[in-house]
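Below: a set of structures, written as structure tokens.
Shared between the two complexes below is chain A, which has chain B as its partner in the first and chain C in the second.
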Partner chain A sequence: MLRTKALRHTLFILLPVIAVAGLLPLAYSNQLLLFNFVVFLTLAQGVNILYGFTGYLPFGYVGFFGVGAYGFSLAVMHLHLPPLAALGAAALAAVLLGLVLTPLLRLSGAYFAIANLAASQAMFQVVSNPNLTDITKGPYGISLAGVFAPNLSYGVAVAILALTLGTVIYLRNSRFGLALLAVREDSVTAAMAGIDVVRTRTLAWQLSALVAGLIGGVFAWYVSVFYPETVFSPEFSIFAIVFALFGGVATITGPILGVVVLYGIYNAIGISTPQYFQLIYGALIMGLVLFLPNGVVSLFRRWGIDVP
Partner chain B sequence: MSPDLAKPLLQIDRLVKRFGGFVALDGVSFHVMPGEILGLVGPNGSGKTTCINVISGLYKPNGGEVRFQGRSVGGLASHRLVHLGINRTFQVPKPFLPLTVRENVEVAAAYGRPAEGPSDIEAILASVELDGLGNKTAAELNSVQQKMLDLARALATGPRLLCVDELAAGLNPVELDRVAIRLRDLARGGMALLVVEHLMGFIDQVTDRVIVLNAGREIFEGVLAEAVRDPQVVEVFLGAAHVG
Partner chain C sequence: MLAYAILAGLIFGLYFSLVGLGLNLVFGVMRIVNLAHGDVLMLGAFAAFWLFKLFGLHPVLSIFAVFAVFVAVGWPLYYLVVPRLLRAKDPEMLSIIFFFGLSQVIVALASIAFGSSERSIPGRVLGSGPYQILGQSFPAAWVVTGGVSALAVAFVYLYLYRTRLGYVTRAVMVHREEALATGIDVHRVSAIAFGIGLALSGIAGVFAPFMLGSVTPAMGVDINITSFAVIVVGSLGNPLGTVLGGIAYGISLMFMQTYFSSWANLLPYLLLITILLVRPSGLLGRKVRSA
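Entry: the complex of A and B
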């Protein structure tokens, strides 16, 4: 039964999303905008993996994205790796950061969120430190003109989105996903169900780190020129969180809905006044956590419509 | 004591548990045989739940030993104890509320017994009278049903030792009878049970033997009929009654 459900979710959610994301550039000329949609679809699902399935709200989620971007860039600049191999370095950087930050999982609620935010700021400070200019180019930013390949990197971003969606579909339809939800609900009872609480949480944490690191790496590749404050901007964390929360976490479709609606609105009217949107979205996060913790899709559930 | 051929499944030896300066368990010793139901009674705050918490790995002991099947297991992580065959119910159960009743049991069956085959989830649900409620979420259950779900969760892991913490509280007489029969059935199948309970009628009905705890020390070991004639036990229970 779980398997047929997973197949249904793959056929009716993953494939259409990937088809649209993959084919839209042929019909619509603003590829950068589409690329940003793909990035946020991936990041929102990454937040979903962590917050939806473990209850940890990663306000410093951008840290993984940023070290992914730098892992990719350093591998290209210093090791002269081809871009696809350099994505491996992006993944590695994010997973290593995840490993270093694993002790944060001992903190709960707001303490975790704040510590995670501080950690991402610390990574930004390290990377943009002028003393490291030889390695990271410090505050002067990265230029990877040699590997610039917008079409290919766009395609790879879509592939990473597909992998991410596949991961969330797996979590929604597997015993491992069930175990994660059990730990999120009550870690003591979960342990007495035989679940290794620490290991289970750490796995979800690393999965969400990996997703952000990979898409961060492909972001560096796609834009090719960026500053440290670009890829460590708190806006990435805030947007990814608000999109995931708005649609509804621990679902497959919720974060997709959140990105399409809120990032759509942002692009339609917000670009000229981005500072207001940061404010509005910040307030929206609080409102959602307090009043609609399970997002818009939970309203559908209340009306008896089961949304995957 | 009569020489038993079988070895104890659980052997607690001079167990100590402190919370800061407060001594909740002050050198408690007892054992449980396979197929035996041992009652653990005592006034509020005497350390009954703490004892189960240490046995099930929620707390590390500060002294003494917990032996399970001859092996020292004190301080092991809960999930590892579950895999060895120890489980418990909670005085205040906290099931996985958004999950369905079936999922609650399924996850325990999947993670609680890696060595053995899958347990029959429908049969377990039926045995605690939750059949027909499998597709409801745990949040929709009343408190008695949540207690039964907690028992089902524990049973799904195939325990050899089951600690039951005030399962009977809040049950009506009919439900009490059913649960008593259910626990006796489990023991007849070879499972060892440690039953914490305030309802003496229930204790009388299900246990083979009781331990009486007071302020973290055991003050009596034997059958309930003798316990109620023991002056120290009577004193403790009357004293407790005076206070509250």
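Entry: the complex of A and C
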């Protein structure tokens, strides 16, 4: 049962999304815009893995993204690794940061969110510190013009998106995902049912960190010139969280819906007048919390339509 | 050098106590995390700026106007939002997301109304010439701010520990349901505390141009982190612990700036994470947090 469902989700959600993301650049010339869509689709699903399946809200999710970007860049600059190998360094950097921050999972609710936010800001302060200019170029930014390859890096980003979607489909349709949901709802009962609470949580945490680190590395590769403020901008965390919440977390389609609708609106009006977009999405968040705390997808559920 | 760092730390510590006080009062009474705290402070700063610029109103006088207006706005805002949040399954988490949305709305409206340029009030408005304290000289603006902050903290002490209203407010802090069962009008008490909490943030904002640098619509985010560091050090939900947290924060900030200036920006984050992990109940905390 679970396996046939997973197959259906792969066929009808993962494949179409990847096909559209992979083929659209042939028909539409603004590749940077499409790339940003892929980045946010991945980040929103990364937030979904953590917040949807464990209930920990990562307000500093961008920390993993930024560390991934810097892991990639440092591997290219100092170790002269080829870009695909440097992505390994990006993943490693994010997972290491995840390991260092694992004790944060002892905190719950708002305390975790605040500590996570502080941790991402601390990473930004370290990376952009002028004292480390020899290693990270400090506040002066990074230039990787030597490995610039927009088409290849776009393809790799789509591959990472596929991997992420596959992970979420797995979580939706596996014992492991069910165990995570059980821990989210009531960790004591879940522990009594034989679930290793700490292990499942830590795994979800690291999966979510890995996803953000990889896409951060590809982001560094794709744009190839950036400042620490760019890759540690709190907007990445905020957007990813809002997109995921808007659609509905702990689902596969919710975050996709959120990114397509909200990031679509953002690109239509947000770039010319960012304040108005900020106003709209601020109001949207307040409305969501008060009237629709489980996202748009829950609306369909209420009407009796099952949405994966 | 050492004496200067300690004294300046004390002055800034008093100010940081005021910055964290409103946030902690709201958290203590209704377990709501006001993530828009920094933006309320920003509004207070803009109020002081415009009152000074348009009417030449002295900042120390404008705190009365700010206090009245912010209480008047906060009181009804409580009834509009908080009871609804408290009925939900996980009020703390929902409140953090809700107030994040509110913070975005405030920032957006402020940047539409005021633009994103940096505003400031000249420091000499609060008094001319440096003050001498124990052989060290400090800008007059710092000393006045420290004094007003101490007065505001004293006011909150009197409100909580010397009035009937404060007595019931503390009852609500200790146990909301039991307070309700004893016949206390919990919502009225909380609404007043919410209004006073916002007003305290607004008053802290009035002095932001002198203590935190220039005023912009986006200044709230950093203030939020600093305030969280201050109140977590002091212990969440204990408004007077905030004073201890503020002074600890102020002195360590001054030490960092004096001896390791290039890493001083890291301080609030590291302090916050360390305290949360090592002693989540804060320095004065008696019981472990229930969250």
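To be clear about the criterion, the second predicted complex is superposed on the first by the 292 of 308 C-alpha atoms of A that agree within 3 Å, B and C clash if a C-alpha of one lies under 4 Å from a C-alpha of the other, contacts with A are read in each partner's own complex, and residues count from 1 in each chain.
Definition applied: a residue touches a chain if its C-beta (ideal position, glycine included) is under 8 Å from a C-beta of that chain, and two chains touch if they have at least 3 such contacts.
Source: prediction; values computed, not measured.
Shared-chain residue A:Leu290: touches chain C; no touch with chain B. By the touch criterion defined above, A:Ala118 lies against chain C but remains apart from chain B after alignment on the C-alpha atoms of chain A. Judged by the touch definition given at the top, the superposed model places A:Leu178 against chain B, while chain C stays out of reach.
In the superposed model, A:Thr189 lies in contact with chain B only, and not with chain C. More chain A residues lie in contact with C than with the other chain of the pair chain B and chain C. Once the two complexes are laid over each other on the shared chain, residue contacts for A:Ala6 go to neither chain B nor chain C. In the superposition on chain A, A:Ala159 makes contact with neither chain B nor chain C. In the superposed model, A:Leu104 makes contact with chain C only, not with chain B. In the superposition on chain A, A:Leu203 contacts neither chain B nor chain C.
Interface residues of chain C, counted against chain A in their complex, comprise 33, 81, 84-85, 88, 90, 92-98, 100-109, 111-112, 221, 225, 228-229, 232, 262-263, 265-266, 268-270, 272-273, 276-277, 280, 289, 291. Contact residues of chain A toward chain C in the complex are 55, 57, 103-104, 106-111, 113-115, 117-119, 121-122, 125-126, 129-131, 234, 238, 245, 275-276, 278-279, 281-286, 288-290, 293.
Remark: chain B residues 56-58, 77-79, 82-83, 87-88, 90, 93-99, 103-104, 106-108, 110-114, 150, 153-154, 156-157 touch chain A in the complex.
By the touch criterion stated above, chain A contacts chain B in their complex at residues 175, 178-179, 181-182, 185-186, 188-197.
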